[in-house]
Every structure is written in structure tokens, then in C-alpha cells.
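Heads up, the next two complexes both have subunit A, just with different partners, subunit B and then subunit C.
Entry: the complex of A and B
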């Protein structure tokens, strides 16, 4: 009953848009990385020069280091903490749905507003320092100090993201058969043992999934740094994508920026492939 | 219940254990709630403070000495916040409606029609879902520039008018509709266009709801593309407006706080009204890493 012209009729505008804003850019991102494109001078083919430059560029190395550091701060926390929160909100308690909604809400807040809110929280005389003073910790300018800025940014990411991953674990928890818990309780398992030996093995696929999603998120993050610290102080919070952004739109060195973003793409692709392998393997 | 508890000491012990666990649960639930909402409460507090109230102090002062709505009035009247909000509403309207239409257009034949090339197109779309937007950011910018769309709303709207994820989701939606429905419509003499609009489109409403929520969040919060594309401050959406105001008026923390809250209110309202869809949307969005 359908004819080919119907199919192409529906697909015409979408394909045109995809071509312009998805397909062509995907290829162009790769092609540009071999050129010196900088908007002003005529485009020239450079071969692997941009890539060789990247591996010698101290800014790139620093950005890579910052990104990995940020990832190590963010991902373990976002893998583990939301499990505990999901267990907490998976109980039948009065008002539990309201708690779930509250925890999820920060996910919806624009990065600009998040940055504004947390700049005040991390101010020298802000709430964070006040809270820490209860434990005898001296106040510091979190976002002004190269050694603490990433920790502060990671904390904001965890604050904003734990409710998102909580939802995934919640869905996974609801698939765990209840009698497994009852059996382990009869065996005298306490809270921690029960969840370590029942919950964790049962939701393992979801744990992998969250690890991968949050890893990709960490490697791609830059708007939080752009709005909160602008990559500073002294580039201590410049991530790889923020470097791409600055090289491309501040220095207009789009060829070089494309090479960096392509290196990032390869890293993300490798993570995806490792994940696929792990998920396909029935032993994991 | 209470009778049997009194009569059975072991059950009483069980109930006490339950009570303790309930107490611990609520303790952590409230602790997490505090951590989650403290930045918002703090912002509300700042926005209500008068000129003589201190903003930053240790210990912090959450309750202002002089409550005032003056900051909100000042922001509304002297800063271009209403203008920014209007711009955001405009951008968000197209940022939601266009993807709903175009993603459905693309998904409908991919889900229901079998022709040469359909599979290839679908594979291409899935493959590009693996490429992060951050990687294609530069070429997309250049395409917008080459099309002469710099400084225009079209440039912002068009980059979000169709997404591989949206096509993927809508295809799932269309796939679930039983074959018989189209066949009976054909017998009734409906043409393909009518089948699509009158029959199929209304049947994917739940998936449209999910996609609408995803598009609403990304459009309302869109910051990167307005930053890259717009140069005229009169055209700024609220996110970009606040970002610039924050730089320019960093001295006036109270006004920025009021402005941030004004920008948050629509998100809170939509969230409360459509909470079920938001949860669904969160699961769907994870398809794209």
C-alpha cells in the first residue's frame, strides 16, 4: 500500500537537515583535523601535523590530565552513590515519591544557573566553607585555587547528576526478585551483606551502563567549566572539550581544535567498544 | 495490630527494628534533600535580601533582616529579563515543535515502510548517534555560517530541528502500532498523508510526550548555540542573558539571584505538571550516551 515516493516524501526534509547538521559535520570534523583551517587564510592540507602538535602541546596534555582527573573524581562517585540513594528511595515510605522528584530536579537546571548557584556556595564566605568549619576545616577559595578547583567542579557534577543515575538504579532494583532478599535475611545477612551479595550482582549490567554513561559525560564536559571558572585558574580546570572550544572559537584555530576533538572521539569510541564487549560477555 | 504486639514480644522487637530503620531512612532522605536544595534556598534568601543585608558571612544568614521583593521588581523593570524570557519562550516553542514534526516524518517511513535504502539510512542515523555533539560542534558552526544564519534565531532552531535520538525514539513509537490499523484505513480510502496525520501521529502521543520533554529541557537550557550564534543582546535567551549579566553586574548578587529564580520558575512548573513524562524521558535519553 505504501509506495517509494511516499517514503522519500516524508524523508526529504529530515534527510536534508540531517545531511547539513549531522552527516556532513561528522565527516567534516575528521577532514578539518588534517588542515590549517582558521577562517581567514586559505585552507591548506597539513597531513598529521595537527595530531603531532597535539601530542607535544603542553596545553593539550594538561587538558587531558584535567579531564582524566575530573573523570576519576566524578565517575566512581556517580556509580556508587546513586545505588545507595536508589536503595533508600526504593522503600515503601510516606512521601518517598517527593524525595525522588527532589533528587532528580537538579538534572533539569541549566548549566548557567548551576554555575551561578555554586559560585556563591563555594565563595570564601559561602555555605560550603561554613559547613566545613563545623569539622574544623579552614575556609579556602575553592574556585580560586588550582588544587581545589576540580574537586569543587566534580562535586557540582555529582550534585547535579546523582538523581539521574538514581532513576536507572531504581528501575534495576525493581527487577530484583523480593524472595532473594528474604532468603538472605533468613541467613542472617545485615544491610550491607544483603546488598553486596544480592543487589550488586543482580544490577551488575546497570552498574556497567552507568559507569559508561558517566564516563562519556565526564570526557565531554566543558560548559560547567566554561560558566563557572572559564577553565581557570591557570587552566587548572580546562578540560579537553573546553580546550577545543577555546582553540576553535577564541583562537579560531579550527583545524587544530578538530584534531583534538577527534582524539577525544577515538577515546570515547574505545570506551563504547569496551562496554559492548563487557555487556556481550555473559560472565560479567 | 497493637494488641498482637503487646502479646508477642518477638514481634515487638521486630517492630522496633523496623522503626529504627525507618528513622535512619528518613534521616538520610532529609540529609540528601538538604544537600540538594541548599543552593536554591540560598539563592531565594539572597534574592529577598535588602541593600543593608550582608550576603556573604560566616555563619551565613539565611533569613534576611529586611524582607523585600524589590530585587525582583528591579530585575523585571530595569534589566532586560522579560525580553530574555520572551526570547526563550519563542526559541523553546520551535525547539519543541519542529523536532516533534521532523523526527516523526523521518521515523514513520523508517518504521512502517520497506524500500531500498531505508535500512542504510537507519544505520547511518544510528552510527551518527555514536558521535558526540562536542565533536561535530565546529563543522555545525561552519555550516550555519556558510548558510548565512549567524546572528539569527533560525541558526539556533535549525541545529535542533532534528536529532538522531529523536528519530530513534519516534521509530520505536511507530513500530509498536499494529499493522491492521493502517490496512483498515486504506480500505476506507484514506491516502498516506491522512493515515499519517489522522491515524498514526495521534497513536504515538506517549513517545511524542517523551520527546517533547527532552526538547523542552534542551531548548530552555540551550546556552552553547546562542553563545556561538547570537551577537545582538536583544536576542539573547535567558541563559545567555544571565551569563552576560553575571559578568557585567557581578557586584549586584541580589539581582542575579532574582533573575536566576525567574528563569527557574517555568522549569519547576513544567516539571511538576509532567513529572511522569520526565522520568520516562530520562530513561529514553540514555540511549545516546
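Entry: the complex of A and C
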């Protein structure tokens, strides 16, 4: 009883903050999604009109397609690549901490600075095209072509994010008992088999965590698009959250923006549940 | 003892929670107190003098123009002793969010410096004072083409404060290398010169910028019909214009990177990749910041003309909140800020142009024709075009969506080789559905 009181005491402030800044605004946004709220004119109840509009809106469909495409480019890379890097920086080598820091460094750079830097690098006369010209590849405007813009943006996200997830995996790797590796060595496992049959199963909860977090990150991403391409060209890099931002703050259609947000919320929820089911299944 | 400690901890946490609640409610409490105060303010004094508190929101003008703004405030307060003006300067990129937040809490600034698109948007929603009525007495002091800037659905919701029309900064070295001794004066001439400049020097001449939709009215093609209810740009002239622009693109005469915000014109010009840059002369100094050598050799000239012979002006506006509790004082302050005397003074300080005729006719703006400084000469030419300049943005609340539809249709022509006539038809349909 005494411990429970203590626990509630400690939980009270975060709970209050969550209530004030997350739950209440979320409920308010859900209510607004059934209205024509635009800040300035009186609110009218529209029923499901905003939701029906979303499913007929070509901009929303395009933004959803872009978001899923971006997620498919980003999340598998952010789940797998950091494991490999974490295994490498988990070795007992001299100066390994320097490598850890170097790989983590992009995480420390603000998104806006990252956007400016990569915008220069992806320019037609930028350094990316310069390197590619060594292999005889013609220069292209990476951020000005509808077929390459998302790939370029996904690359930047992976560059900036993999150090962050590497750190999670590193923590998980350091919790894997050494004797499991010794036992697998005795059974004749090579480097790859050790990691496939020992490391991966042991860090499965962390893989699930990274998959969920990076999925949510991919579905929520918009700063990079806003600062690097403003959703263009021809809306090829407009993600759902960027569309929400534009509908809410450029077109002042807060009700519609709220409806889109809740559709996105349901999609993320479904993907997270599928993720959880897959990773909870002992056969996967 | 442990129990006492536990109780103390619990009470402390409860106290913090209560404090947080109290902090929140205190704020609104004090705000409503203040509101009540200003609610009384708008009554005015018995003698009919103006009274009240006026919050004046400006955009990115502090600290550069602190003295000017403080003088405005002091002078107005001395003319109206019962009025208190507070200046609240906000960053350019946060204006719209600040306005929305203020509006949702019912606390919109009384007098606001707003860009044209946002004026149209919130004016149409009834958030701003109708200036056709409230400032009818000063309407004739403004250039006619500029007075309508804050117009939407036939009503003007803002007073033009300061403006720019385009001038031209050009690089005489690049022109000389291509065999020219003077910059172009029309778009037609500009594209002809661009071909030669590109062949001879590898630099670009004319470049399609972000406001390409303005090429329609500059070339006599209206964007919307007279009553602003439907698109009017799908004409044979527009098809010809876009067909020509597509040809120039295919010839390599320009890239789409400026239009797609991948590079700024200032950077292109400062690195001598373009021979000229048509923009407001107040922006010429950006070249000086990036490359003083290039700025040093640059000269200023008149902006390029289309077949309509008119220039676009894009003023910053002063609007008054329709819910201001000091409405009369706020309208009076808006008129005071935009009167000829104050506009002239601001024009001198900020290298911008006044939309008020009397101020624009001051001899200050008649200087600079022979100046070696690109900004001064550019400002001279820009000032000369003020009388015939107009704000060419469509006067509808969905102006951003109209512009976006046109821009995207043009991008379809360039990036996806869509036929200009088809792209214009598509844009026409989209604009019409936006206006429905």
C-alpha cells in the first residue's frame, strides 16, 4: 500500500503532463475531425464528411503512397543496418569508442542543418553527383526528379538515424551471455551463424522495439520533406504528416487535417500490432 | 518515521500538481483580467478621444528598426494620451502559427503586419476589419493597384504598408562576354539574349522563379475571370507562352532548381551562374553578403516587362483584428503607420517603397538613376514603376491553392513532358474546383 502510494506519487506529474499535453489534445483533435474547425469561423459538425473526403482526395492517396514507400525504404534499413554496425562496434578493439562516437555523430546534428547539408550534396552540381561521375553516371537533380526524390530523402533519414538505433542494439548485445557464443563455437558455428542463431534471437525484443519506433518515425516524418523539398516536385515527397501540416496551417482546414491524422493513427496502430504478432511468433 | 516521510513526499507531489494547475489557471485568470481592462479601454473618453491598449505585431523588424518603431509608438501615444501601444515583433517563419494560436485563444493582436496571402485567407473568414469602410477616408492616398492588395471577394481587409516592385541586378561582364552592352528590357528580349549568353559563356540569362504564375498577368493573360469565380488562364496565349518556356528548357537555357527551391537566385547570381536577377532591389544586398566582388561590378536596371507592360508589387500589409477591444484606436493606429509621412520615413530607412502616392513622389525616390550602386539604381527603377504596378495575386481566399495548381501544371510540362495545352486544361479544372 505504502509502495503503491509512492508509485502513484511519482507517476502523478508525468501522468498530468501526458493528460494535459497528449491525451486531452488528442481527444480534442478527434472531436475536431468531425467538424469544419478553422480557428476563425464558428464550428459546424460535419459527421464523417472529412473522413469520406480523405478517401476521395487524390492528394491524400498520393501522400499515403509516398509515406508507405518511404517507410519501406527506411525501416528495413534502420532495423538491419544498425545491427551490423552494432556487432562491429561491440568488438574489443582499441579505439572502438571513437568509432561508436563517429557512427552516433549524425544523430547529434539537427534535422534542419542535415537538410541544408544534404540539399547541397544532392544538387546537380553537388558532391553526390561528383562521386557518381567517377562511375560514369550522369548527374541528376536528385531532389528535382519524382522518381529519385524519396530515395534521396530516405538515404538522409538512414544516414541520420542508424547511429541512434545502433546504440539500442549495442546495449542489447552487451546483455547477451557470453557463454552462449562459447557453446555455439563448440558446436562449430562460424561468425555469421553465431550471430544468426544466438545474437538475433537474443535481441529479438530490441528488434521489435526498433521496428516499431522506426515505423512510427517513418510515418511521422515531415521536417526533412518540409525543409528539403516542401513535398515536391509534383507532391512526390509529400508525406501524410506534411499534408496534415499544410491542410492545417496553410489551408486552415483543421478539421480535415485532424481526420487525416486519425486515419494515420489507425494505420500505424495496425502495423504495430502486425509487427508485434510477427515477432511474438516463435517461428519467425 | 518512514510513514511521515512518505506522507511528506505525497503532499509535496500533490503540491506540485496543484501548483501546475494553479499556474495554468492563473494565466487565464490574469489574461481575462487584462481583457476586461482593455474591454473598458475601447469605450474611449468622454471627450471622444481614442483610448485603449493596442498590440502591434510586426514581422522581423526588430532590432533593425527599433528606433523607427518606437518613434511611431511614442508619437501616436503623444497624439492620443489614452492609448497605449505595445510592439510585439515575431519571426517571419512563425507568423502564421502565432496568429493561429492567438486567434484560437481569442487574443489576436489588434494591429498586425501580415503577408498578402494570409490577409486574404483570414480576411475571408471574417477575422479582419473591412478597410474599404474603416479606412475609406485614406483610400485615395494609396496607388489604386496597391490598395486592392488585401482584397478578397470584393472587400479589402488590409492597408498596404511597404512594398517592392522588381528591379534588375545584372552582371555587365557576362553580358559583355556574350557581346551585349545593356541588359534586356522585355521577356522576349531576355530569352533571345539567354540563348547567346548560354552558348558564349555557359551562364544562364532568364530563369523561371517561384512566382511563375505571375507571367500570365505580366503577359496580359488573366489568372481568374473578372468576378474571381473561375480560371481564365487557359488561352492560346498561355499555351504559346508555356510551349516557348518548354522549348527554352529543352535547349538547356534554365534549370527548374530555383522554382523547386533547391537553390536561391542570390546564390546563383553571386556565383556568376546567371547574368541577371529580377527581384526587389532591397534583396540586391544579399549578393553583396555572398560575394562583394560580384556585387561591386553589378549594375541595377529596370525590371523586365511582358506584353502587358505592368509590374507586380507585393506589399506587406497592416490589418486590424475584427475582434479588437480597442477597435477605433487600432484602426487609427493602422492608418497612422501607413500615412505618407511615416511610409516615407520607413522607405528611406528600409530601402522599400511606399504604396502611398504622396510618399512615393518624394524626391528621395527620384534619385539613383545614375548611381553606380546596383541597389540604389534598382530602387530608382522600381519606384518609377510603382504608379502602374499592381498586386497580381488572385483576390480569392484560396490563393495558395490556385498558385500551386498553376505551378504544378507547369512542372508537369517540364518534368513529365505533358503537352502545355493539356497541362493548362488540367490546371484550369483544378483551379475551378478550388474556387467552387
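In this section, the second predicted complex is superposed on the first by the 242 of 284 C-alpha atoms of A that agree within 3 Å, B and C clash if a C-alpha of one lies under 4 Å from a C-alpha of the other, contacts with A are read in each partner's own complex, and residues count from 1 in each chain.
Just so it is clear, contacts are C-beta pairs under 8 Å (C-beta built on N, C-alpha and C of every residue); 3 or more make two chains touch, one makes a residue touch a chain.
Everything numeric here is computed off the predicted structure, so don't read it as measured data.
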First (subunit B), second (subunit C), both or neither touched by A:258: first
Residues of subunit A touched, compared between subunit B and subunit C (which is higher): B
Touching partner for A:91 - first (subunit B), second (subunit C), both, neither: first
Touched partner set for A:167, first subunit B, second subunit C, both or neither: first
First (subunit B), second (subunit C), both or neither touched by A:137: neither
First, second, both or neither for A:249, with subunit B first and subunit C second: both
Touched partner set for A:235, first subunit B, second subunit C, both or neither: second
Subunit B versus subunit C as contact partner of A:2, first or second or both or neither: both
Which superposed partner A:48 touches (first subunit B, second subunit C, both, neither): neither
Contacts of A:103 with subunit B and subunit C, given as first, second, both or neither: first
On subunit A, positions contacted by subunit B and by subunit C: 2, 6, 10, 13, 20, 123-124, 249
List of subunit A residues in touch with subunit B within their complex: 1-2, 4, 6-8, 10-11, 13-15, 17-18, 20-26, 28-29, 32, 85, 88-89, 91, 93, 96, 99, 101-113, 116-118, 120-121, 123-127, 129-130, 133, 139, 159, 163-164, 167-168, 171, 209, 212-213, 216-217, 220, 222-223, 227, 241, 244-245, 248-249, 254, 257-258, 261-262, 264-265, 268-269, 272
Subunit A residues within the subunit C interface of the complex: 2, 5-6, 9-10, 12-13, 16, 20, 38-41, 119, 123-124, 141, 143-146, 229-230, 232-235, 249-252
Residue numbers on subunit B that touch subunit A, as the complex places them: 22, 25-26, 28-29, 32-33, 35-40, 42-43, 46, 56-60, 102-103, 105-106, 108-110, 112-113, 115-116, 118, 121, 124-125, 128, 130-132, 134-143, 147, 158-159, 161-162, 164, 167, 182-183, 186, 192, 196, 217, 220-221, 223-224, 228, 239-240, 242-243, 246, 253, 256-257, 260, 263-264, 267-268, 271, 275, 278-279, 282-283, 286, 289
Residues of subunit C touching subunit A in the complex: 2-3, 6, 9-10, 13-14, 16-17, 20, 24, 96-97, 100, 103-104, 121-122, 125-127, 255-257, 260-263, 398, 400-401, 408, 411-412, 415-416
